[in-house]
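Shared between the two complexes below is chain A, which has chain B as its partner in the first and chain C in the second.
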Partner chain A sequence: MKKLLTVASGLLLLTLLFLWWWNARAPKPIELIPTLTGQPEYCLTCHADVPEISPSHPTETFGCVSCHGGERLALDADLAHSTMRGGANPSDLSVVEASCGGSNCHSGSEADDRHHIQRVITSIQSTYAGAISNIRFTFGAQTDLSAHFGIHAVTDEQTQTGFTSLAKFDLFNESNPNIQKFGENCLTCHINATPREGDAYARQTGCSACHSVGNHTYTTAIPYTQCNACHNRGNYDLRTMTFTERTDQPTSRLADYYQPIAQFTQCEYTLDCIDCHTRSEVMGDGDIHANQKDIQYVQCKTCHGTLTELPLTKTLTDPNDIAFTLAFLNPIIDLKLGDTILITEKGEPLWNIRLLPDGTYEMIGKATRQYFTFRPVMGTACEQNPAEQESRYCHECHAVEH
Partner chain B sequence: MTDLSRRDFLKLARAGFLWISSGLALGGLFRFLDYEPNPAPKTEFDLGPTGQFPLGSHTVLFDPPAILFHTKSGFSALSLTCTHLGCTLEQTADGFTCPCHASHFDADGNVTHGPASQSLRKLQVQITAENHVIVYLD
Partner chain C sequence: MRPSFFHHLHPPTIPAAQARWRHTLSAGGTAVFLMLILGVTGVLEMFYYIPNPEEAALSVQTITYHVPFGGFIRNLHYWSAQLLLIVSAIHLLRVVFTAAYASPRRFNYLLGLGLFILAIMLDFTGYILRWDVDICWPLTTGTNLLKTIPFIGNFFFRIAVGGGEACETALLRLYTWHIFGLTIPLVIIGIWHAFRVRRDGGIAVPPPALRSDKARLPRNELVRREVLMLFIVGILLILLSTFVPAPIAPAMIGKPSPDAETRAPWFFLWVQQMLKWGDPFIFGVLIPFGILVILALIPYIFPKPADSDIGTWFPKSNRLAQIVVSIIALIVIMLTLMTFIP
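Showing the complex of A and B:
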């Protein structure tokens, strides 16, 4: 009996020592009370070294939980992470409304240009409607190229394009094996798709697909390399209906593009994609579109004009002009009231391009901060036909050789 | 030196185990009873003697984020927490600007540029009998 008591007291001591050690090794909690929520959270206890996501989202204001979810008071990693939204990517479109939405944030009204989430969800980058309808048309599943399906179902009651909704594309409803293969192999890349497994793909959906350029860093200064993470990642093999991921590491932007026969003018490979392509082209305009061509409208003439017309410009007279907000979020240019900037035919500001007094234009790279000057086509020896504005026509004279 | 019998050794070990266990348990209990939760965030801030804020001055405060004015009509304070999402404003030549989303407020705290839609909050200021300036966040 006494022997048993000795063993029991020894076990009790070991248990208490273990509990003491377990308690002592726990990190000292670091409390943060974000101004936005006023509720304490302890995420910084383990994540104090995570960089601030952007100047517009300071940690002391937003904290972590308002975007990521999670158990804000938990000190155990598994418990703290158990209710996180979207895993490593709270901007995944399946959870984005809870993470990034709200009328003061990214799902406000169209009137105050704060309906980012609605725009992205209905955008071509999200629905993939054009490719789906093209494949279904090609293999006889539909009689025209109208958009009927998206990667997910979307609706837009106030559509300007005639498309009020897209149904969810379901490969099991398709009888043609090529369409089924397309459904199996080709729908994983788009920003509303279920991300592929692996850390490398974790942030390639939702807002992060474009805006997350580094470790927990968001920006509107998006370099072309970010776009190329998807747009130069490989190529389709239409014989087998598969996507063949490239295995090499592209080193030359000009020579290592995924389509070897592609042609480029100097600005197409020197500038970043976002220097020319606008927010509504990339993020959508809030309406459902049938294909990429319906939404992508910037052409060479947008910046260079034609033989008979100068590019469109606008003199900034309203301090509330969206151009100032965009220049504030990516402060590469000191825009002032009275400056004349280029605009697109839809009126979107190309706020990084200013008209200079000598009639030339100055562009500042949104990601590189490099300065470029260029002149309009009007008054030059260019022999363009003003009606031929697709880049292939300009490539005839201005393509850069590899 | 007498050899310790097996029986005595076990007895000694048992007593030692129990004493150390009791110590650990008591230590844990005291630690538990001694625990103090983090205090609630402050809502009252003693800024010091009124003499530090001469007539005509305006002083940007860091804690709380606010600006304290001393005019002929007395002391007053404006919160420098942006009414949009709560970032701390920066003073500019013509008012206050939010470094997060570019909201702008004039010197009186009125919105002149969104996305904020509400004016800056006026904070209650009190002068104590000892002539200290107290600012209240509530």
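Showing the complex of A and C:
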């Protein structure tokens, strides 16, 4: 018995030593106490190599949990990740309010220009309202082109457009086989819809669809390639109501654009999309719109003017002007008080385009930082009928053939 | 050599036949050892545990992941508690199967049964103290069973949970039950139980005249055997606690979603299985209580075991008690297993 006891006590000692060693080899937790929450979190223990998402969201201020959710104290991966919002993408529109919202963040008032989430969820980019109403109108399910349905239900209590809400488009209520096919094949576009499977359809949802340019990096300098992740990934066939995914990797912006009949001027395939298209066009203006054409309004003349009118300009006199905020977020230009920039007919600043003393304009690419100068149409030999000033008329002469 | 305090807790000599491992299965001694571990680890956990609905689950995560050896201590507490239930059940079966409950040990049998019930209640309240998403539905189901008892159900519910919804208000009350309301009676009855073992003449054996093996062991040998068992159980617990972590789930924020864990803790699965069959009062309260009453009455209304049979395995004279307890055990095991059938 005494021998047995000696062996057992030896074994117990060994087990305790093993326990000590087992505990010693566990990784040392890395604590982060973000100033915004003041609550310790330990995500960096495993994720120390993840880059800061953007200069506007410093890690030491926001940490990880205020956006991603998750169990901040857990060191077990399964538990830590179990309550993350939107999986790896907290900006998915189903959870975006909890992740990115808040009156001081992205669901504040329109007056403070902090209603980003309201803008996105009501925008055509996420409702797909125009396509749905067009298809339903075409196949007799509705009598006009007004918007009734979106990919998800959405409301706009302070509507400026007359649309106070969209109901969720439900295939169950549709009888026409073409609408059925449309519903089955064409609703996976747009940032509020779950993407289709397959590499060609690889895109993100919510804010990340546009602002995340990979490897945990958010930016407002969105390159055209980011837009092409959705807008140049294949083509739809209206006869069969199917989507044909492209199999090649586009290399030429001019030749590989998905609509072969489209015409492009040089700036349209040289600049980035966001160099011309404004915030409200791309991200919505907070109101529900019936169609893409109701929100997209920038034309060639917005920057170039017409034979009789110069483009609209604004001289910056208010240090709180939104133009300065936008230039701060994407510091490509040293805007100063007294500078004259272009604005659109709705008054949105084209803050990367500045009037030069000689009457020409300088423009800096928002994503590429390329420097361009251009002159207005006024005073040139343009022969365009003054009554026909939409971009499609400019394309008649200025489109580049390929 | 004068016996030490620990030696003094044991009788000077005990019958060799009944001191064998294959007779006692070391169940009672192991239960005491596990309770000691539970006491020590429980106190260590109390240094960090915060019985506040907003912070409880986070403090459990702090214990698990950030306190030095906290995860190990918590696992040790968890595994000791689970083993305690198993060991107590084995102890109960051993006592019935060796006719050890016979007079004069009838009352001590009841004390033991009371300890078993306290241990189950302590395990359940301890499980609830995690206060994470997985405990809400089992807590709601369990405590709502109290309400089904006619006339006095609501009173019991208020005693157990306090006012309001179980998942919202019960934490502090269940914490107090766990730390004081159940633990103190367990300690007192536990000491009483051990005292009664000595007072009733030590381990159950036939009267001296009827013993076939009259050999006796000195208490030094008994203590050695106990220490050996303690080492073996200790090693097993350390290994279990190192490699198999105690359950943990995300903190509960508001009421958990309907897809949170709905399974009862393992020792109540058999009741949960019966609840699928109908009236919660009959299946959730009356039948378990009836089983308890049957177990409690074994020493009083079942045929009295022959004196020569006391302390021997499966004697003929208490066959009925063996059969009844075996059937109860089998039913409980079967019902538990049935919950794993999809």
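To be clear about the criterion, the second predicted complex is superposed on the first by the 368 of 402 C-alpha atoms of A that agree within 3 Å, B and C clash if a C-alpha of one lies under 4 Å from a C-alpha of the other, contacts with A are read in each partner's own complex, and residues count from 1 in each chain.
In the analysis below, a contact is a pair of C-beta atoms (placed from the backbone, for glycine too) under 8 Å apart; a residue touches a chain by one contact, two chains touch by 3 or more.
Keep in mind it's a predicted model, so treat the numbers as computed, not measured.
By the document's definition of touching, neither partner reaches A:G162: not chain B, not chain C. Shared-chain residue A:L12: touches chain B and chain C both.
By the touch criterion defined above, A:L75 reaches chain C but does not reach chain B. In the overlay built on the shared chain, the residue A:T325 is in contact with chain B alone; chain C does not reach it. When the two complexes are overlaid on their common chain A, residue A:W22 makes contact with chain C while staying clear of chain B. Using the contact criterion defined above for the overlaid structures, shared-chain residue A:P177 touches neither chain B nor chain C, since it reaches no partner.
Looking at the shared chain after the overlay, A:Y42 reaches chain C, while chain B stays out of its contact range. In the superposed model, A:M1 makes contact with chain C only, not with chain B.
Common to the chain B and chain C interfaces on chain A are residues 2, 5, 9, 12, 16, 19, 23. Across the interface of their complex, chain C is touched by residues 1-2, 4-5, 8-9, 11-12, 15-16, 18-19, 22-23, 29, 42, 71, 73-76, 79, 82-83 of chain A.
Touching chain A in their complex are the following residues of chain C: 58, 61-62, 64-66, 68-69, 72, 221, 224-225, 227-228, 231-232, 234-235, 238-239, 242, 245, 248-251.
Those residues of chain B that touch chain A in the complex are listed here as 10-11, 13-14, 17-18, 20-21, 24-25, 27-28, 38, 41, 81, 84-88, 99-102, 112-115.
If you check the complex, the residues on chain A that touch chain B are 2-3, 5-6, 9-10, 12-13, 16-17, 19-20, 23, 31, 33-36, 38, 40, 55-58, 61-62, 104-105, 112, 114, 319-320, 324-325, 328-329.
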